[in-house]
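Once you scroll down, you'll see the structures, which are given as structure tokens.
Across the two complexes that follow, chain A remains constant while its partner is chain B and subsequently chain C.
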Partner chain A sequence: MPYAFVRGRAFRDIVLVLVLVFGVGSFAMLLARVSPLVAFGALFDGAFGTREEVAETLVQATNLLFPALGIAVAFRAGLFNIGAEGQLILGGFAAGWLGAQLPLPWFLAIPMVLIAGALAGGVWGAIPGFLRARFGANEVIATLMLNVVAVLLATYLVNGPLALPGSGASETPSLPHAAQLPDLVSDSRLTWAFPIALVVAFVLRWVLQRTVFGYELRAAGDAPEAAKRAGIDLGRTAFVAMALSGAIAGLGGATIVAGELHRFNTGLSPGYGFIAIAVALVGNLDPLWIIVASLAFGVLQSGGIAMQAEAGVPRDVVALVTGLVIIALAGRRVVAARRST
Partner chain B sequence: MRRRFGAVQAVDGVDLELLPGEIHALVGENGAGKSTLAAIAYGAVRADEGSVDATGVVGLVHQHFKLIDRLRVWENVLLNREPKRGWTIDVPAARARVLELAAKYGLAVDPDAVVETLPVGIKQRVELLRELDREPAVLLLDEPTAALAPSEIASFFETVRGLAARGTAVLVVTHKLAEVIAYSQRVTVMRAGAVVARHLTGETNAAAIAREMVGGDVAALATRAETASKALLEVRGLSATSGTSALSGATFDVRAGEIVGIAGIEGNGQSALADALAGVVPFSGELRLAGVTLRPDDSPAARLARGIRVIPQDRRHEALILDWNVRDNVVLGRQRTLPRAGYEAAAREVIDRFDVRPPDPGAIVGMLSGGNQQKIVVGRLLAGDPKLVVAYQPTRGIDVGASALVQSRLIEARNAGAGVLLISFELDEIFACADRVLVIAGGAFVGSFDRAAIDRGRVGALMAGGQA
Partner chain C sequence: MNPLLAGILALLGLTLVKATPLIYAALGGVLSERSGVVNIGLEGIMIAGAFTAVVVSGLTGSPLLGALAGVLAGAAIAAVLAFAATRLGVDQIVAGTGLNIATLAAAAFGLVLIYHQPGASREVPAFGHAGETALIVLAFVAAATLHVVLTRTPWGLHVRACGEDPSAAEAAGIDALRTRFSAVVVGGAIASLGGVYLSLAELDLYSDGMTAGRGFIALAAVIFGRWTPFGATGAALFFGFFAALQYSLQRAGVPSELMQALPYLAALVALAGFAGRVRAPAADGVPYVRQ
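This part shows the complex of A and B:
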């Protein structure tokens, strides 16, 4: 897809999203008997009011950006990876468990923790990729189900074989300081995860647009029959795309563990992997626009808490708006796909 | 009458009058606005300007059948007009009505047959019966004979004559000039959305109409050079299936520097043949290319690497990525061998050689006309010395100028020593290009003719003979 074409569509999507956020959001606030001005005021104040709040907004944006980039890889290959949540959780688990085991200097510990997360997420993405390539299994069902398996698997491991003696919490031991991502802003949870995510986005865009691998992946997604007849191996492409998709989401889980929590906890994600679907679609599956979209959703995520606390509007309004955005954009994509056939 | 689609003035100030009892032919190149005009007259498309007056119901038989394959004949014929008994359909009455209709017009059908099991000619009858049930005063036929065998075409026009004799005004939209001359009383020629000529059919001829359609002389095809013929493709007992298309036990050869035309009616095994060669479906039997045996489980990539290039039947889904630009489409299949810096030059080469318009490597392929899209497909697949070219309906739905260009390039590939397998439903195309003609019917080869000994009548009879 030519860049200008994409940008035009992304612009329209952003207008649609703004209308949904402010229009439907205002309606929901009125139902909660709160003035939209007060509620949105609280939301933006919560997102931008102080240095720490801006940092937290960027933290939320980072946590969404990784899984959204992963989702974009799969979607560009024509594969609806709904399993970013599970891939992110297992990536976090692998990072947390491995990071707590080995006393290493930081320049080994941090890369190892991140790579462990990417590998675990990559394996978790590769499973539905393999099932799709080998047996034609529907990846939507497989990835959706594997989310549940991932959560239960991690919960079992931290409560069973890997349980901390004398602790009732569902978590791994805390990471040694050397394995923790350094802070970017003091007194906040914002770490080097944010610039790493930006670099991943730029590299991913280059890979998709400028490499033979990216060309074949996009061809397989945009016109599978033509790609197949031109000699592109659709099964192999699906497998690699799903593995890469899972690896990026898993890397995201690892940065949450290494940067924010400093240990794996089964509650590490409030649904980043699902909200990231909306982020990826709003960003029109273009890594650079996904950065913009993740910042916008980061505002909603971090401001939503303040909105609930200060204006008394349930945080669920943010979930409601996010859900509507997914329906609107995914629905529009389906309509567009139907028309073009 | 005027109608605009986007930037294209599809129909521009056309007046057309149909008289009761006449068969009126509407001819023109693809994209001249014929089908749009028919759709406006039927009421399926609204005119931006102008009006349609008819003394009764207007019926339209589409070029592509609009039947529901899973339903029975009577269900299709009476769709939405079923005789009712309370809340249920009166099935005996419905069957009787279809039988009566069929007898009245001499269009024998089995009302209980499921449409998807019927051959194309019978499906056409079902289409026609559905419109006739509405007792139209005006009947519009859009490319009615595109899928019919020569013998079916004759009997189809007998029926149409019968209708005209009952006072129906019939408009036949077509590009087959032989049928125009044989069966119509008046002819209207369209070009670029406007009427360029009107004739009484008896006062003109096919060559004159062709010049009016194109707006000048039709480009001549490339001349055939002498080629040293040596064996290239050996096919022995080839059986394969692709979707509903089945080929059973085909045996033939294609020599280097030769165009072998596969004549046949759509749905007689052509898709299975092309797909087996492309490596899209498995096959049984033996395939050898230049002495090397091809394996049934080869991937499309393996076939490409052997120098086999298949121009697929559905360019929009099987060959092109419509959202992408010309440059990225031209290199599809060569993305691993061409350096990125060579993409632009590869695109320019195809654009120049095939006169792609607009000549812009950055143009989005989905925005180009069908003819220019096909030039990109053929240009891409003929690049880099192919050994065997399989062309499946390479000029389907594209205008005369683009068709001549595509056919010329195929002949040039032959002259350069490639073997070409030309699968087409248009006999004229096969006779114009092929060195040898094989007739396919019912998934098997039923006849073979050398260029010098082609007998159009016999080819047509053999094509129809294999029909179920």
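This part shows the complex of A and C:
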């Protein structure tokens, strides 16, 4: 596909997204009998008004950036990983469980907590990758099913074998201070998770564009038949791509636990793994553009709370718009290739 | 009555109650997938059915009108997916995922607009016991009807042809896009009855997220039931049985999470081909673009 065409299409998509966000958003606000100017004003004020609010916007962007990058890896390989939510939750669980019992100095504890999250998410992504590579099982259905199983598994472990004596809450003990990610901005939840996410995005961009593995991954996604003829092992590529995809999402879950909550809680994600699908698509599956998209959706996420509190518009409007953006962008180029396998 | 016998009868009754919404949703999924469109949006379609049924029943005082409106709403949501999948050639999976998010949010938003409270609506006129029984029976009638339609009618043949090889179907003079569109919309209407059952027969109100992933269990039932109406119904009954059993076993100390995970694990096993040969319709999930 000629580059200019892709660019033109990307421009058209951005216009479409803006029309959806502001058009449908305004319409919903009018239904709630609130002037869109007031409601959007409250939204942007809530996202940017104070130093702490800007920090919270970046927190939301970070929480979306990790799973969106993971989703992009899988999509670029022609695999529809709908399971980022489950991978993120299990990553968070592994981080919380391990982190709570590590009497180690920070320079050991923090990396171990993050690696535990990435490993758990990676394993959860590798399962559908394996089922696909070995048995040709549809990874969409598998990841969808594993999302639910992940939540149930974490809930079971937290409430059952690993339950805190005397605690009714579905959570792990809190992480010792040494295992917590240091704050970046005081009085906020913004931690080193944000720069880590940016580094992951840049590294991922480099891996996809500049390494043999990245080339094979993209080839498997863009033209599986040709890739196979060129000697690329499609099964192995699918497995590795899904494991890597899950690992990045799992790392995201670990940063939420180590940075924001300081313990694993079964309610740690309000659906980041699903919203991230929209982020990845708006970012055109390019890690650097996904950073931009995650910031935009971070604004909607953090501003939505203020919009509800200040202007009285239910914040469900944000989820509604997000869902519509996903539908509108479901026709992107990702689609064409995957189907010929 | 013998207490054991009474217990077994209660368990079977609860199985039917738990299975019925799954049967409707799974049947809608079967019809859609046999035409070649994977309907990830079943969850959203059930939400639309449940929510609209409650609102209209509350407005008119007639649960029957509510159910009708719920079915229309489910069909309308399915039409959005069908239009995107057949005319825009978008990815059905991604579109269906977006549809689920959007529908759930729209219903939550609608709750606040109409009932001025988040979380749940007030109670509305509902079906009561007789209506619930009727809906349960209707689910099995629907399964049998769908079986006959798929295997014995020209339209059913067209649907299956489009699910296996839309190009060949078109070469034989079948309008593949129109056939897929109608199959998805009719499937949506059937699936929405699952939502109507939940809101107007079980809870008598709408509460946020009340479908609780049943749309995904229904997808599992479609696969486990090997894409046939009776197979999917059987799978839905199987999953419903375990949902019912959960209550008894929980008291016996078996963790409910493991029981809840069962449908999903069963679907994974079926997907991987461990439960005998499972074959999806050949063109399932493949957008058809006219050359």
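Here is the rule we use: the second predicted complex is superposed on the first by the 319 of 341 C-alpha atoms of A that agree within 3 Å, B and C clash if a C-alpha of one lies under 4 Å from a C-alpha of the other, contacts with A are read in each partner's own complex, and residues count from 1 in each chain.
In this section, contacts are C-beta pairs under 8 Å (C-beta built on N, C-alpha and C of every residue); 3 or more make two chains touch, one makes a residue touch a chain.
Remember, it's a predicted structure, so these values are computed and weren't measured experimentally.
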Note to self: Is A:Ala278 touching anything from chain B or chain C once the two structures are fitted on A? First, second, both or neither.
What the structure shows: second
Check: Does the superposition put A:Thr155 against chain B (first), chain C (second), both, or neither?
Finding: second
Note to self: Contact-wise, after the overlay, does A:Ala28 reach chain B, chain C, both or neither (first, second, both, neither)?
What the structure shows: second
Notebook entry, point to check: Residues of chain A touched: more by chain B or chain C?
Noted result: C
Next item on the list: Mind working out whether A:Arg229 is in touch with chain B, chain C, both or neither, as first, second, both or neither?
Entry: first
Check: Touching A:Leu320 in the superposition: chain B (first), chain C (second), both, neither?
Finding: second
Next item on the list: Answer with first, second, both or neither: which of chain B and chain C does A:Glu216 touch in the superposed model?
Entry: first
Margin query: Taking the touch rule as given, give the residues of chain A at its contact with chain B in the complex, in rising order.
Written below: 1-2, 5, 210, 212, 215-216, 219, 222-223, 225-233, 340-341
Notebook entry, point to check: Any idea which chain B residues touch chain A in the complex?
Noted result: 278, 280, 299-301, 304-305, 310, 312, 317-325, 328, 332-333, 335-336, 340, 362, 364, 366
Next item on the list: Could you pull out which chain A residues touch chain C in their complex?
Entry: 28, 31-32, 80, 82, 131, 134-135, 137-138, 140-142, 144-146, 148-149, 152-153, 155-156, 159-160, 271, 274-275, 277-278, 281, 314, 316-320, 322-332, 334-335, 338-339
Margin query: Could you list, by residue number, the parts of chain C that touch chain A in their complex?
Written below: 38, 40, 80, 84, 88-95, 97-106, 108-109, 112-113, 118, 213, 216, 219-220, 223, 255, 257-258, 260-261, 264-265, 267-268, 271-273, 280, 285-287
